[in-house]
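Some structures to go through are shown next.
Paired with subunit B in one complex and with subunit C in the other, subunit A is shared by the two complexes that follow.
Then we have the complex of A and B:
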């Protein structure tokens, strides 16, 4: 019964949370035909392109230009400080892959990604389910849970720096009575990464909650009612109606959470600088270290390329999965 | 058709507007220069810098200086390097004193010797204005590359009330490591296994940790790095082993120092809140302690094991390479003005750093200030035993190799000896390219 409901609802309703419905080509047209169509289309849309031109120029200058530059820089290196830069091919990429600090940063980043994405998505879903009905109390609670999203990461990190202060911080003030030995939250390599992860979860759960709230609006009311009349309890309703309906939202939020895990390192920068002993070093911070502290643009560019490739691969994969799901039965 | 004509018109208009804007810039006027400045301690400094530059512009109509806030010391280095690469370097930068050597190796600094000679003074006369301890970080290969602007040394801060409580005389602060260990033991309070008050706190975060290791190593007779040549550090040495072992003993053997790595702000907060009875911290924190401590405190020299010696810290004014002659001259005027006795003293009183210009301490305002705040004198007196701050090829990564290992030791994950061997190996690896083109480039 649940299966039929699911298929009906998918055809009829589109999830609000689904960010971009990628059009899937129905059939492949002959090449000539495509070209012709393309040129005629181009003619009619010329004014549009001209209007877009200023943005395109800036996009090319500041986004794609920079990426192209990274690609070129990744291929050059100096042998000694006074030597001129020379073409070294893939040497920089090999050097990055052989660097234990980079491998360490990748491992940290994986732990960080999994350890922040799962709890924050879980919490976000829980919040969304609890607050899905709109009334005054829930609106206030939603606002409260969304508040961390509005605080800039740098400001939040500076606040948490004081919360985590050993012995005198807010956390130790309350937890200190319970623990025999107070942990040095940011100064112990075994704990620091988890302390950083707590901030990310606190910060992002409210953001992901928004997507789930939007997703929940798309769950058809009549199906829920029917299930209710058929005597389905809260758990079966959640398991067989709500969760399947939220699948596209889940996919999208997972992609966003993973991207955030790689691109948001403000708190690492403010709180630990990757320390102690590289235990909170993440990939983006490693790139910063190569570029700024080591002044090694070649290696920094190579690490950037590797990260970009991984991120683009991941994004392409998840959106393809999403498109497949939407297109297939 | 209409659309394109309109577009052309728009483009033409935009072009003429751009042209109109460009004209005034070419007209005669004061030489415009930028000064990059970091704020390493707290936000108030940015306002003080604004006041200083405003006064400079009012007294120097031919120059229009703009102070550009550039973040931390590290950020300032990034932004300076980025603007040098872009071909538009700032005319002057307040640069962390231990970055100068690395920048000079990368050909990013202007040699100031010709500017000094053009003033009709000699190098010795010019450098003679500043405390001798500061010259090591400003002079490279006998040429001047930086002018000391604000400087610091590490100090021992003591909570005098707690010392009295423990039966210690705060007017006779500990002078040796043995005495300090003894004080720390007496000042540690325990409640069963739990420590409610630590005897001493020493900061260890990137940047601070290396500076404290240099402090302890120097007090133990060591050198940390080769002051004459940027390709060598002395990590795996008896003097540094003794320093790190003592620090580790404070944590694990005597249990008077909190385990783990504690950053500078955490240490000062801990001291202010009474959670740590003593701390080793920069003179740069003196103003903060003076303003916030609700108890009597004392500052003292860093105690010795072998000799009294400390490194300097702080920043110098530099002129980046690749600047037009008129901007270079204007920058030089600004630098001389900012490091003059009056301005140097004013900046010192505003920030808590000491004034590098010795004559600053002869100005009436400064004499007055020191009479009111005798604790500010200790930092200046300690300058007699101060030595340069470590500076090598790739200073930051070379320093970090040591810091990562020290953090492991303080967290009980490594023994001092194996940590120092590992640090030395990693540092040598980082220094290799520089040695390959200097000390190991043989005929």
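Then we have the complex of A and C:
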């Protein structure tokens, strides 16, 4: 109010010729105006909010709310499963970071991520390049390579349990003769993680292939033709025309493959339960163990929080890619 | 070689003589065969009689005396009809609620302007990044607090809102000419009538694409239902199969395991083989489910 008065008086001083009504209108109205504009803005926005409400309720409960609850749960701990919770600050985080099982799971997960992403993306690119032209034979081959994508990880695990079975399993039956000593694929701590990775590669290569096939559609036909005429062989064409064109596809597929490496752990449950001696323990399985087997919500939440934080860098990268893909707001 | 030439007859003339693409193709054919071997084994082992013995279990050559004994055993021991019903119920329930939420939200993003649109858009986008499976611990706690522990509703609830579906519908709705809506507006159609009679019928391809992605991904969900469900009769197929496998593995009943696995994946495989093109194009639009 004081400010209004001052502005009126100053204006009066500045120009006595101005009608008195003007400064009043200019000083009181903006407030009303802002309020009115806000309420009218809200009123016109209301139908949109109502349409968004059902989605926002579930997102609030199971996405944002869940994030908040992880934060809070990570700060509390129970002495025994029946004891009341008490605030422990960063103790849970420290406990998780000091837990060799967690560090082991992180290391395993890193090996698993790199060891599944690179081969499955490489194979996907090979498949897409080989099958890019559409005819009946290629369609059938694409379907064959895509089939594992549809199969539940649990079902794939049941099949691979037999494939990796010592002595009588499919692998030993057919290629065991070539090896001097038969390895125990799932029972040897040095091999088990790699055996697990084979399933992931088998299951995901066909999925990534689809994105490369779509990406190859964007390679301009006339540039390829010009390259043919200039006598560029298959490798230079691949290196200088196709690869640059596929860059966004690569970025996208790498993000998806990394997310999959953190979230696809069903086969660990069915085949190894993290063993032998924690050699196939992955981060999400560790979280599950803490929550369900040890009833330690504090530690499980702390591990979740650390995993979420680690994915943030990736999130920032993929956020841009995805916002572009979705066409912006 | 003749066969390969036939496959390359539509390639540009200058490239037809090149060897590298053909080598790549042959390698891919080889790998495609390797890719099919686990599924081939599943089929062969399902039909193999137990009398063939454990040493013949890995043979990829079909048995000369095929039998359906394994299928019968799996059907009886495994309680698969029950699991199949649970999975169907979960997938259908999620999909129906999702259809409502994504249609409404997709319409708001496509056709309405409102305060905070950018902010809300990014809030939706965040769900794509925070893969729900990472939030199992806090979400299990919430489901328990809501009294939905050990219920199929509890399994479904975290998936009722779908950012992916919302964006898909937004894209579909934006492609519909506004003139159609204007005409309906003049005739006095309400907002819901316009969505129901103009936007929804014209976006059926997007709905079916979303349905394919949603159903296949929830058909395959394992970790979340494993945590929420406790009673054996409420298990979905994936959880049921894992329990079944664990039991049958002890008795080395690999033929029965193969039959059980076949039953779990058969519905999806058959649907895929019928609607192959539609599946493939839907999966291309899904980046992250």
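Criterion: the second predicted complex is superposed on the first by the 265 of 329 C-alpha atoms of A that agree within 3 Å, B and C clash if a C-alpha of one lies under 4 Å from a C-alpha of the other, contacts with A are read in each partner's own complex, and residues count from 1 in each chain.
Definition applied: a contact is a pair of C-beta atoms (placed from the backbone, for glycine too) under 8 Å apart; a residue touches a chain by one contact, two chains touch by 3 or more.
Computed from a predicted structure; not experimentally measured.
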| item | value |
| --- | --- |
| Combined model on subunit A: subunit C and subunit B, fit or clash | clash |
| Partner chain(s) touched by A:47 [first = subunit B, second = subunit C, both, neither] | both |
| Contacts of A:188 with subunit B and subunit C, given as first, second, both or neither | first |
| Which of subunit B and subunit C A:275 touches, first, second, both or neither | first |
| First, second, both or neither for A:168, with subunit B first and subunit C second | both |
| Partner chain in contact with A:82 - subunit B first, subunit C second, else both or neither | first |
| Per-residue contact with subunit A, leading partner among subunit C and subunit B | C |
| Touching partner for A:247 - first (subunit B), second (subunit C), both, neither | neither |
| First, second, both or neither for A:214, with subunit B first and subunit C second | second |
| Contacts of A:294 with subunit B and subunit C, given as first, second, both or neither | first |
| Subunit B and subunit C footprints on subunit A, overlapping residues | 47, 161-162, 165, 168, 291-292 |
| Of subunit A, residues touching subunit C in the complex | 41-42, 44-45, 47-49, 51-52, 54-59, 61-67, 69-70, 73, 123, 126-127, 129-131, 133, 135, 137, 139, 141-163, 165, 168-170, 172-174, 202, 206-207, 210-211, 213-214, 224-225, 228-229, 231, 233-235, 252, 256, 259, 262-263, 265-266, 269-270, 284, 287-288, 291-292, 297, 300-301, 304, 307-308, 311, 315, 318-319, 322-323, 325-329 |
| Subunit B-touching residues of subunit A, taken from the complex the two chains share | 47, 50, 78-83, 161-162, 165-168, 180-181, 184, 186-190, 273-278, 289, 291-295 |
| Residue numbers on subunit C that touch subunit A, as the complex places them | 7, 10-12, 14-15, 18, 20-21, 24-25, 27-29, 31-32, 35-39, 41-42, 45, 54-55, 57-60, 100-102, 104-105, 107-109, 112-118, 120-142, 157-158, 160-163, 166-167, 170-171, 191, 216, 219-220, 222-223, 226-227, 237-239, 241-242, 245-246, 249, 254, 257-258, 260-261, 264-265, 268-269, 272-273, 276, 279-280, 283-284, 287-288 |
| Of all residues in subunit B, those that touch subunit A in their complex | 3-4, 7, 74, 77-78, 81, 102, 105-107, 193-194, 198, 204-206, 258-263, 265-266, 269-270, 273, 275, 393-394, 396-397, 400, 403-405, 407-408, 410-411, 413, 430, 433-434, 436-437 |
